[in-house]
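This structure is in structure tokens; I'll ask about it shortly.
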Amino acid sequence: MILEYFMIFLLVLMLILAVYVVETKDLLAAVIASGFISLVASIVYLYLQAPDVAMTEAAIGAGLTTLIFIIAIRKTERYEK
Amino acid sequence: MVARIFYAFLILLGGIAYGLLLGGISRKITARLQNRRGPTIFQNFIDVWKLFRKKTAISHGVMFYLAPMFRLVGGAGTFLLVPIVVGHPYLSNFSFGGDLIVIMYFMVLGCLGMALGAAESGHPHSPIAVTRGLSLMAGYELPFVVSVVVLMIADKTTTVEGIVRAQQGGILHWHIFTHPFAAAAAFISLLGMMMSYPFQVVMAPQEIPIGPPTEYSSSFLSYMFSGRSVFAVAKYVLFMDLFLGGATNLGWAFLKTFLIFLWPLFITNVFPRFKLEQAVSFFWTWPTLIGLIDLIRIYIVR
Amino acid sequence: MAFFTASILLILIGLYAVLVKRNIMKIVIGLSLMDTGVNLLIVSLGFIRGRTAPIINVKDLLFNTSSKVVDPLPQALVLTAIVIGVAVTAVALSIVMLMYSKKGTLEIDEYKELKW
Amino acid sequence: MRKLIAIAFLLILGFFMLKIVSVFPFGEERWGVSRHYVDKGIEENRASNLVTSIVVNYRGFDTLGEVTVLFLAATALAFLLATCKCRKKYERIEASLTLKTASDILYPLLILFGAYIFIHGHLTPGGGFQGGTVIASAVMLMLLSHFTFHPNHRALSTIEGLAGIIFVLIGFAGFIWGGSFLANNILPLGHWNRLFSAGVIPLIYIAIGFKVGAELSGLITDMYKVTKEEE
Amino acid sequence: MVNPILIIAITLASAFFIGILQVYSKLWARLFFFLTLVFDFFAAGANFYGFLSGRITEPILVKIGGFPPPIGINLLVGKPEAAIGFLIFTIALLGAYHWERKGFPEPQGKIMVLFLLLSLGAAGITFTGDFFNLFVFIEITSIAAYGLVASAKTEKSVEAAFKYMVVGSISSTFILLSVVFLYKATGSLNMMDIASRIRNISLTPIYILILLMFLAGLLIELEVFPINGWALDVYQGADPVVVAVLAGAVVKAFYLVFLKAGTYLTLPSFFTLSLIFGGGTYLVSQFIAWRQKDVKRFLGYSSVAQLGLLILSAGFFLNPTLPAFSKHLIGASIVLFIFNHSFAKSSLFLLADNVKSSQLHGWRGILNKNPLFKFIFSTSVFSITGVPPFPGFWAKLLLIFAIPKNCSWVIGLILVGALGEIVYYYRLFREASEGEGEKVGTNLAAPLTGAILLIGAGLVAWKMFATQMGIMFNSTILLLLAFSIAIYILGFSRILQWAGSLAVVGYGIYRMVPEMGANLHGFFLALVLVGSALLLLATYPTSKRTSWTFYPAYLVVVFSMAGLVLARNWLTLFVFWELMSWASFVLINMGSRAKKAAWIYAIFSAIGAYSMLAGIYLLPGLSLTHLKVAGIMVPLLLVTGFLVKMATAPLHVWARDAYGESPDEFTPLLSGIISKMGVFGSLIAILYVIGNISSGPSFRYILGWLGALTAFFMTLIAVFQDDLKRLLAYSSVGQVGYILIGLAIASPLGWNAALYHTVNHFIFKGLLFVAAAGIIYRVGTSYMPRMGGLIRRMPLTFLSTLVAIIALAGIPPISGFAGKWLLYSALIEKGWIFITVVTFLASTVAFLYCFKILHSVFLGQLQEENSNVKEVPFPLAIVEAILFVSLGVLGAFPRLLLDPINRVFAGIPGMESPGFHYEKTLGVVSNLGHWNALFLMVFFVGSFLLALIFFAITSARVKKVGQLDVGYSGEVPKSPEDLHFGYGLYDHFRKAVKWFIYPMVTKIWEGIYEWISAFAEIVRRIYTGNVNTYAAYVILISIIIFYFFTGVK
């Protein structure tokens, strides 16, 4: 039961982070936050008995995607107008 | 057939003479109305003869040369296609050649010829006069056609003989009485055809000296003159056949055509002159509307 | 149900960024958020309460497997979807970088040359 | 105003999506074709990881497509950024000695770990994609820490190309000897839960691991090396 | 048979291999790239051919991994898949070749990989039988496309790629989600399997919602209105080669998916959805392109519209209530549409690649400098706009006749849209052929191949479907048409081409003699062939241009007219009608100032043809026999088609410039014979259709009024024309008005009048236009006030013109009067008195312009610059002589023509008695009057000669004087200019009739055009160019679909 509440907490956390991602003016912060969302998601995947997906999400969603976003932001602009 | 052609020739000569005479009369009457003595009523004969006898004639080209013949043949043809006395072996002329439609189109031939000759002369006044004449024709043709169609529909025929026959049996059967509005329209358009005064735009003396045949002289002009005279007579006869019940003999014919001849003559001397566009607008409105009354009546009654 | 709602909300938030944000980088971030939401939704759809992961590393699981594990197919699909997502993101980012190199801005209003 | 309209649109859309998912109660059993994968998977493929079994064999064609997508993305990115002149280089700070040393040590370890993941793809969670990503992260680490680190581009291209070709060739082998493309009956299937089992699945996953690793490394390098000429 | 998996696997492997190879050798990479594409092309071609030839009967099922369908992924390649696969690789090969010649952008290896994988993805989309696999291939295609769209690396191209990427991602999200939902709902991912499972479950709103979600994702990729902003931007911004492949191949793969979705998913609202979105997209896109200035975007609008039409057809194709034959027709039409659009649009985009500017004004005049470009361009445009014999025409025809009668409004939609298409495509045509443009690039091999494929596809379609539709072709006509095209090769020598054309027409006459004159068809056949031969004789010397296509096009017009009048079936008639219209469009467009005129001609031709087509569609049968129809709609539509060619008011707007500006050697045919095809059509329409409707008499009365008003107003306007050909144009239109009156009367007398006047009008108007051609050739202008006095230089032309004018004016004794007399008799007999009056007046007004022609051209003062002109060239003089003699002979002996006409009508019930008889003295006698033509002629000639001889003998000496020697107020004029009264002839009359000659109808048409353009301009604004907006549209349309088509509230 606690696990389920924890999951709900994680989901809410994801949503809050998602809103932050959308609304923040700092693109770098947004990207980091969205990477964090992926990380949280991979925990959720574990709960959903999907270790493969969890691994992939952690490696690709949280890791690689965030990385290429960061590179792209470095090559362009950090702040949204 | 030979006899017929011979008589036709005679009638044609008579027609020309009558036309010239009427021209003289008109000049005389006009003069009297203006308190002048005026020329003799045979003045036109004198003129034609004088012109015909001139020593030299000037020509501007082939069409110029041929045009008077065109004019004469056109006038003569029209005259000969209209029966003077219906049913008469000779005085019905060549009316077997065609019906009213033929006559109406044949009338144009003479005008066309004259227009061509005049235009070839290269004098700027000629095309001006011709275009005026044609425009005016477009004007007066409308009321005339309205009334002619009324007659054709009413009598169920397109031949002149048929129309004349339909008017037999008393003065009240004349179309001028049975279809007064159509007749009125036609008679107004006759003013245009005769180029009498309110519609005198073609030979406007102040603007274009004598109309299309400006460049014509001597024998050419005499042909022109004759053609025009007989053409006028043809129209009088046509009107007589259409509206006044035709004629049973030559006497009636003379009388009726003379009456018709008087109508434009009097109008001429009373009215000032329209401009061309006014004339066309006039024809396309008032007489047409008058004619339409009968047309609509026919359309409904039929 | 909470998983469904959350993942759908994630998709919607991502779409919201696409619909409203005027920064092209933000739009790409929104798309990737949307991807995350979609993946979460698919995996949740394959979940069966009280089952174990579809990895047969214990003898016990070898028999009557379908009453013991969750549906592996959605997981397999999501695996593909995640990879495709990152591929799209990479291409999108390269396009964004190219755009930036042309005009030096990330504002969407500057990229309206093609219209009507 | 725009935001409100957008939110309204999205809420309606969300409503419809919720409507759809509401017919599939959360956590309830509902099998389709995957019942076959689950019940017959071990028998047919001998791969303990059913997800791998599906990804590499039952739906191996999808995975071939997936690999292609990644290859495509790497190619497209390399193509697009080949002549891109982006923002000026950052002032680069030389990495600290600790970082350098640590990454020197971690680099082979990470690669080894990645290799472990994809070699054991049919037994444990993870596989070619995950392993490949780990390898790429090793490359990234080196890129960040070592100023002069340049992965050999030719080698990367060759590896990724060869790995892809090997994937297709394995498929062809199935086509020629096994009757159909990607058929998993050309090698002995072995025993369940052993490293050398599951026929061609590990081979394919290894190829994928190499391919993904090379591709992602190349991709990161391509993005990372984009610089603007000094003005 | 080539296993489809081989195509995909080998392509993939070689893509990977190129990835390696490009690092080492670009040349080898390129070689390998093309090798792969060629392999794919032949492999896909082999499959397609296998299906076509019947060697493969069952769909090819490929089990990947050896698993049976629901378990593993499988490919399913049936006939449609094979066709699309072949198409994809054909277009890809063409595009790749084009790109290679143009030069791939660096780094080449990468772009080749992208290109290869794009075509691979499209092929995968086509072949796959699994939904998730479909998604994967869609992603492959999309990512490759994003990269390729941005490949030009210009500001526009990357912008387009970005928009494409954003919208494409939303679309693939929808597809992915719905696929997963489908899996949850049905437990399968295989298409066939889902199809069988879905049949077993009840279609609750939720299932429908899932299907709709899939469809919404697909509709985005299918570029339906209004969620196609991204597509248009891609078309405009990307490299044309990429666009050619996208529009030509990739989109077609998506379309096939759409068809499959409709087939497998049994969505109840599929029909409505495809009707709304397909029809809406089609209609809107065809109109919003009107004001588009960017050619690539403009082609994009057209692509979108074509796709809309395909979607609409899909709706009908999958409608289960459709009869089998209709389904077959629609299927064929879809295939034809796809091939047509792919080849034509790819060619056009690749052509656009050769032109520097993509702006409309940048295309100005480029056709005139680049003959090959012109050939490809015209072929593609003709095919897209549906001109026979190209596949677009057959596709449209098949589609229309397959649509069931209870959906006939769809026909209206299709035809109205097609009209919009004509308007903007031929605006491009007009712009591109106006003036002198610059040289364009010479990278034309690929589009040329496309054009040749188009022609081939058209001929194949002709062979395959014409007979199925009941279209029958006279083999002689086909042979003659082939000869006509073959004349092209004689183009190096104009005189040879002329002689060759004469030979071909002569041969045609020789072959056709048995058909001539026996009945209505034969009567018109004789007119067409003999008349055209005469007019053809007069074409040679007047042209200074050396277009190789003049004679082929001329002959095509002639023989399509022959085919038209020989048709025993409305559809056959229609095919030839279109052929004639468009071949004459080509001819008109050859006039140096005729580009706008040709454009308007095209538009009005299309109005006519499409309304005729709609009428034919609504007819209960296709054969030319009495058909019973209800209501006035059918005859109205039918007749409108014919009235356009007759240029009856209010459809006359095209006529002035088309007659006035078309090449001088073509105008006689246009006026003399082509307009008569309208007469023929109206005649049979009245005979077979209008005669059978209850409101027939009042309908004919309206037609009569139309004829009378046309005659009157056109005549009136003709009076004020200063350009010789324009004057004749109006005159011609007015004269055809008389013919229409005669037809409308539908009494023996009226039809006699109509046919008599038809022939007669051909003679005198042909003569006048031939004379005009000669005069313009000699004088160098068609502006009448700058002529004058030419009688002295061209006596023969003057004489023949004079006779023709007398005939035109209807003055006896020349033959023109016969038509007038018959017409008036018929009118009065019928009792249409008001029409009679108007007609009379019209013919009186005609005298005005008759005089104008004679005066302004031949009489008056000879201008100095014309003092050295010669008589018209010899062939023209011969034709003039022949025609004017025939006018005179017919004037004296009208029975020469009346007897054949009576024979023609003798076979028609109710028309056996001609309504008149002949008597010795009275001549032709009708119930009302009589007219003796021979007497009049003899009388006129006789008395004229008599008068002339008398005059010549008796009159005084005639002295010829110089042209300036006129009595001019005592002054001596110095130059002809002072004396010639040419400018402003009839200005006085203009004042009198100014209300009548206000160009009201023209203004109304212009107003309609402007109004639609303005409206399109507003609609176009929805494509804001902002990607946020595009995404919002996507969401909006999706929720609208979800809301209205599921019932979930």
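Note that the chains are named A, B, C, D and E in the order they appear, and that numbering of residues resets to 1 at the start of each chain.
Basically, a residue touches a chain if its C-beta (ideal position, glycine included) is under 8 Å from a C-beta of that chain, and two chains touch if they have at least 3 such contacts.
Bear in mind that the values here come from a model prediction, so they are computed numbers and not experimental data.
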item: Shortest path length from chain A to chain B (each step joins two touching chains); value: 3
item: If a chain touches chain B and chain C alike, it appears here; value: E
item: Reference chain D; chain at largest CA-centroid distance; value: B
item: Centroid comparison with chain C (C-alpha atoms), farthest chain; value: B
item: Central chain (by mean CA position); value: E
item: Leading chain pair when contacts are tallied as C-beta pairs; value: B-E
item: Chain A-chain C separation of Cα centroids, rounded to whole Å; value: 11
item: Chain C and chain D, separation of their C-alpha mean positions in angstrom; value: 15
item: Length of the line joining the C-alpha centres of chain A and chain D, rounded to whole Å; value: 19
item: Centre-to-centre distance between chain E and chain B (centres being mean Cα positions), rounded to whole Å; value: 53
item: Where chain E touches two or more other chains, by residue; value: 132, 136, 139, 143, 146-147, 150, 153, 177, 181, 183-184, 1028, 1032, 1035
item: Residues of chain A engaged with two or more neighbouring chains; value: 50-52, 56, 60, 64, 68, 71-72, 75-77
item: Inter-chain touch pairs (all); value: A-C, A-D, B-E, C-D, C-E, D-E
item: For the chain C and chain E complex, residues of the former touching the latter; value: 11, 15, 18-22, 24, 27, 31, 34-35, 38, 41-42, 45, 73-74, 77, 80-81, 84, 87-88, 91-92, 95-96, 98-99, 102-103, 108-109, 111-116
item: Chain A contact footprint on chain D (complex, rising order); value: 49, 51-52, 86-87, 90, 117, 125-127, 129-130, 133-134, 136-137, 140, 216, 219-220, 223-224, 226
item: Residues of chain C defined as touching chain A within the complex; value: 2-3, 6, 9-10, 13-14, 16-17, 21-23, 25-26, 28-30, 32-33, 36, 39-40, 43-44, 46-47, 51-55, 69-70, 75, 78-79, 82-83, 85-86, 89-90, 93, 96-97, 100, 105-107
item: Chain A residues within the chain C interface of the complex; value: 7-8, 11-12, 14-15, 18-19, 21-22, 27, 30-31, 34, 37-38, 41, 44-45, 48-53, 56-57, 60-61, 64-65, 68-69, 71-73, 75-77, 80-81
item: Chain D contact footprint on chain E (complex, rising order); value: 5-6, 9, 12-13, 15-17, 19-24, 62-67, 70-73, 106-107, 110-111, 113-114, 117, 120, 124, 132-133, 136-137, 139-140, 143-144, 146-147, 150-151, 153, 177, 181, 183-190, 193, 204, 206, 209-210, 213, 1028, 1032, 1035-1036, 1038-1039, 1042-1043, 1048
